[in-house]
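Notes follow the structure.
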């Protein structure tokens, strides 16, 4: 039973979405299904938050290694949630000036905005920018002209890297207009447009078929791994 | 030297990368841009619109990718505002709403104080549900959106009157850093309604190659990363910037400096690594 | 090099058999020297330490292993019933409390603080040794077992399947070369040791199993039939532990081959008598062959005295059997014993023997390819 | 009356449409002027016999128009201008135009079930308009099947059919073979390494939710990883970025432990939701990796910028890493930093490969049929497009050009719509 | 001991059925094997004293050599004096089934495999492998440990600083099982611990007094590296101390020998390794017996040994046919044979293992079975002799589409220089060419490979001797132990029959021949023992003779009792599906090599 009901739900909603695509009459059913999904997706946030609290509370309770991190996480979570929900420091909406909570939680200058602007934003941006460092070290380690494929890849990489900057323009600007196609910035565009697109399309077709057949398996109940079951 | 490089601690590379990025920023290195076809196409798409045409600006990125996508979002907003288009902002990323707020504050409120919220632009904010949102709003906007980002009922927003679905938009402008993003917009909005909708997009460098296959039928124009942003910025500023361009509209071009040096550094590193590799090969370490 | 041929299998009417019946591990001997035992009497018994079931409490309670001993509700040495709570975590202000129950009953033998496992040892398992042959206990090996001696008709088979079995001899074939077919198996043969003639067919084996025959003895068997019965192709001739519900013994070999006349006659003579049969075969160093033992009742009869002939001597006129193709299974008398090695058809050189077959034909075969049989 | 109101309301609601009409008109006027060399002639005669009919096999948004033209056989250099309105008094919206020799047109973008009037005007090369002919009111009807998607439906049916066929085929016990995938073979090795080293195994199921097929494929691999971890009694951690993924991963891991015969070793506290925020998640993982130094890391799912950050960190702590993703952009990063990488389709084939079940293998085979279909389509398209460009508009044989080009158009316009 | 003063060496190998003795003497300044003797082994009742068999065998040599080796008290006379005694006496032993071990590790493919390698390398038979990732449930494993009665247990697991939990878990399986040793009910089971250093105190605590625990260095200190030496040495020590001491008569024998008694297969491995080290070659050795087949290999200095317990020519012949399938066996047969009849013959050989083939047909069939037994044993060997598993790979972008795995076999037929055969069916084949054909068909050597056989199976003796007097061992190995059969030249690659495969040119030692081998063709060039010729080879495109596809190779061909075989049948060697076609093909090959009397003109 625990297995069959989700399978039925999956098969049913999958079927509805397919029908909705081909049968104009049923188009609105598809919309309903999609809206249901949106609702579910929103509920997932609560599930996530609950687990977050449980995970870190447990860590603290058992005094596991690094439980202090958990304490900080929980504190930050609670603080942000409280500030955001209670709209501290938010001025009321102009339409409803009498209602203290009618303002928007993201109002600039308010504490929540402040958290976002001065804690969240720099932190995520910092993490993202670490990519640059890792690209450099990975390139140093892994880009070896070991075989023909690697050499081709290296050559392309150089062209693209240069073509994406002013260096490429300077390096080949001496080429006459009749050879303009060989200028690095134009080569870059051509590589992206022709070579990359051809390759990407092939991969995308393969992936699309893979997606389609996996979806079909899910619909037919052949692939139940998403239910966490190998066998009953 | 050989042994030092052979067992090079990655922290040295990190240091070099830091310098490669920091120095151009400090010295404000800047280079002219030569716009390529795709940036031109994006520019042309927006240019072709008439004042008052509705445009959907979907900002699907987050602070992490703000460095890469912020400048083009800013330029898009600026361009649309200059053209007098009606702007409908929305986001599929939770923090996308902040990105919209940022741009409204930075561009519209600062440089176009005459534009009125609700009449000339509206922020529909974030909706959860990934591509599901697109699927719905492409045929039924009001099924999902009852208020704008600030909780105002959309029935009381003048420019929302008569807007039932996003097929009424003259153009979709999408700035995306991943999923859900341009791919989903193309797949769920443009492809099924190719007769009704057009779209241009800006994306991170990493997702750009994936979007090329959609060019030009599903996606007439595309801005790839900071380079694309810089080219577009150049185009927009050449056309509308006037004599003195504000610093905030030069961000993309400013960021091309560090990019140049960083790219050169990476090329250098690869070359050094390969010299080492061939030295090893000659020594017979690697078979 | 006097033994460069295979000594024959024993087929004798009057043998003094001694069988060591010992436990695999030390235990208690239940009989005394001089006692008379029946074939199915238990002569020695012991208890193997019970099965050990490890229970990983660290996993069950989601605890670091080192914390497990502190959570134990049972101590080492305690008897735990299945379903009893073994250990319980202390929890945290009453939250996150969990407990682990035992899945099996057993004595808590050890608690490990490294792996978080506890060992539950179940009840000891009895191991019993039967006398196998009826007879007298002539020696008791303290703690291990005993030696049983009896006078008996003793027949060694070449190959068997299955363990020890008992039952009255029952002849199913009328001649040693008659193939044992399914029709020959009757319901009255339930629990009997059924003797066939030549080859036993798969249908006969199946019928015998159906009827509940205790053991089936015949001259030969087809490899494919054996495979059909076992369900797999036997790779190595080490048998005895199969649980097929039926013990099979073949006396001569694989293929369409008649039982030796003497064997057939001997078994026929004792039809109706209780026999002990084992199919256990081990063809390796320390050879074991299947056996059929029909014990004499010392009070009633004397066994036929064993012929004084010394076994193991290859002489002119000795009856031998060819045990390798191309003459496999044929019986003849030694005609000559050339001393010098001879080149065989295969090209190799070996010491040979010339044999006159029952058909009168004289053939030369390698000495390795004959076995002596007692006629 | 009711009709009128609804129309009225509709019109109010559709300022965008109005703008659209306005724009189109402007453009057309622009085009007219640009057409330049105007030859002065008499206004052309009006088209006659205009009939409007609901366009079949659609969702009711199109109407077919057919009319006759009494003037010269073709309107030389001119065109017909088609427009429509809900009410005769309303402004007619321009729907489009046809070249002078075409007297059929399909109007799109209508509201189903609403009556429209259609108007056709002939315009000559001097941009002189004829009298208009107006049709009877006609409404588009919502149909059962969307005809424009019929080819897509057929393709889907063939594809699904072949998947189902091969699944059945395989269930009957016909053997199907899969190529050896090093990355999946290496799962044992990676988990083994973690066990021997007494370190943990980290499995990252991508940063997308369960609705992404890649996440599902990742969960398939997780099932295997978890089983081996259970067999090895290795510690497996699954940090997730979505709570639904966490729930699914828990179910999967639990049943994998059950399958391995070690259900008691399952600890759901090792499978956690961290945060939806991409880089918050990355920060958590990086910290975890640097502190705990896992000996095996699996990255199976949809990845974006975090791919390289994670993989490089894992590489620096000496873990065996196996990645699998269908994100082409992240593949090079994974290849450079991981021991094994499952590329795109390999990743989707993982579940078939790992279970070896006939259903899964059959569906792989069905996928191959899909590929054949695509290949046939590509070859046909390329061949015909090439032929069309050879025979060319100015080329050898106009008739065959029309045939080829027609095919290409049909392929592009209808089949691939 | 002064090696220069050693002139007479006596060596025995106490096998499970016979004890073989050889005498090595210095003749004209060179060591030669001069005499050999044989006697039944006397470990079991009624003698129960191994030395009786040893003395019998030695006495036989003494009589043959006219040299008194055993004194009145039945002891071996040492040192040698004129016409009496020997300088060194050494021995190996595999009596009573050899050294039987159980090994344990954490992961079957990692530390447990290393432990298995250590045990096999030391000459043991591995009865079972216990691992943490064993599919058997813990209580089943415990049951298994209780059923087995190994001579000793080797426990490994965890790298240094790695897992302790799993190692202790393994110990917690073994300790309550209370394993009993095979010999002697009263003595304690020796357990060698060669795992994670950090777990030592815990291991000591887990195993109580009931076992005799020895601790040596971790055999896998890190996953990237194996350190088998200490464990192997400890196995030898324990073998002597415990196992030997409890076998009847061995206590005496130990005092007689001048070097520790080694398990027979360990000694064979030793000599092969020594020869490969000295000459810098890759060598493979095989010993096919009645019940088991041992394969030894040394590739790039790494020694590996496997025992295929159920692949043999008599006791296990039925198993070979079952594993290989009769169909496959019959592919090697050029005579028509009937399936049902053969099956029964196979089983009859199994139950009467001492018989020998009398008819040609029987010999052909037996050699066909031998090919399959060898092929399967070699396959198992290849699967076992691998690079280490669990090693982090360093990838570069060039590897995107060729992700090689670790744990690949190190056995490379192309790199194999020497293939040594021993065991009844190989060494006692009526014609040497048959041995060559069996080796070539079963092992499929590639490139240029020397084929040899062990004349009288003296590799074990020489293996021990190599420990004491390496030079003597090498000399005898070269001169008397190995009988060179010839050289096999085979190209790797597959093509269509009749297409060119490779061109060859041979010159030297009175030989000057050139020609071309076509695909599917086999050619024998007689070339006597002790001769050497220059060999120039030019493979066709798509064929490899060692230098890469289509690249020229310069090498040396060695003569032997058979000669030089040029093999254009392709590698891998593919036999036709159709049995009739296959039989014709075999008939052709039989004719070319002159394998059997029926093909002689």
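Letters A, B, C, D and E mark the chains in the order given here, with residues in each chain numbered from 1 onward.
The rule is short, and it goes like this: contacts are C-beta pairs under 8 Å (C-beta built on N, C-alpha and C of every residue); 3 or more make two chains touch, one makes a residue touch a chain.
The structure displayed is predicted, hence computed values, not measured ones.
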Contact-graph distance - origin chain D, target chain E: 1
Pair joined by more contacting C-beta pairs (C-E or B-D): C-E
Furthest chain, CA centroid comparison against chain C: B
Whole-Å separation of chain centres (CA-atom averages), chain B against chain D: 22
CA centroid of chain C to CA centroid of chain D, Å: 70
Gap in Å, rounded to a whole number, between the CA centres of chain E and chain A: 58
Centre-to-centre distance between chain C and chain B (centres being mean Cα positions), rounded to whole Å: 82
Touching two or more other chains - residue numbers and ranges from chain E: 164-166, 169, 395-397, 399-400
Residues of chain A touching at least two other chains: 27, 37, 41, 45, 58, 124, 127-128, 135, 137, 139, 141-146, 153-154, 200, 204
Chain B residues counted as touching two or more neighbouring chains: 10, 62, 64-65, 95, 130, 132, 209-210
Complex interface listing, chain A residues touching chain D: 18, 21-25, 27, 37, 41, 44-45, 47-48, 51-52, 55, 58, 66, 69, 123-124, 127-128, 130-131, 134-135, 137-139, 141-143, 153, 199-200, 203-207, 209-218, 220, 222-223, 225-231
Touch list for chain E against partner chain C, complex: 16-17, 44, 96-97, 138-139, 142-143, 146, 164-166, 168-169, 172-173, 176-178, 180, 185, 202, 206, 291, 310, 315-316, 318-319, 321-323, 340-341, 343-363, 428-431, 596-597
Chain B contact footprint on chain A (complex, rising order): 27-28, 30-31, 34-35, 37-38, 41-42, 45, 93, 95, 102, 104, 106, 108, 116, 120-121, 124-125, 127-129, 132-133, 135-137, 139-141, 143-146, 154, 157-158, 161-162, 164-167, 169, 185-186, 189, 192-193, 196-197, 200-201, 204
Parts of chain A lying in touch with chain E, wherever the complex brings them together: 141-147, 149-150, 153-154
Residues on chain B engaged by chain A in the complex (per definition of touch): 8, 10, 13-14, 16-18, 21, 31-32, 34, 36-38, 62-67, 95, 97-98, 101, 105, 127-130, 132-133, 135-136, 139-140, 143-144, 149-152, 156, 205, 208-210, 212-213, 215, 224-225, 227, 256, 259-260, 262-267, 269-270, 272-274, 277-278
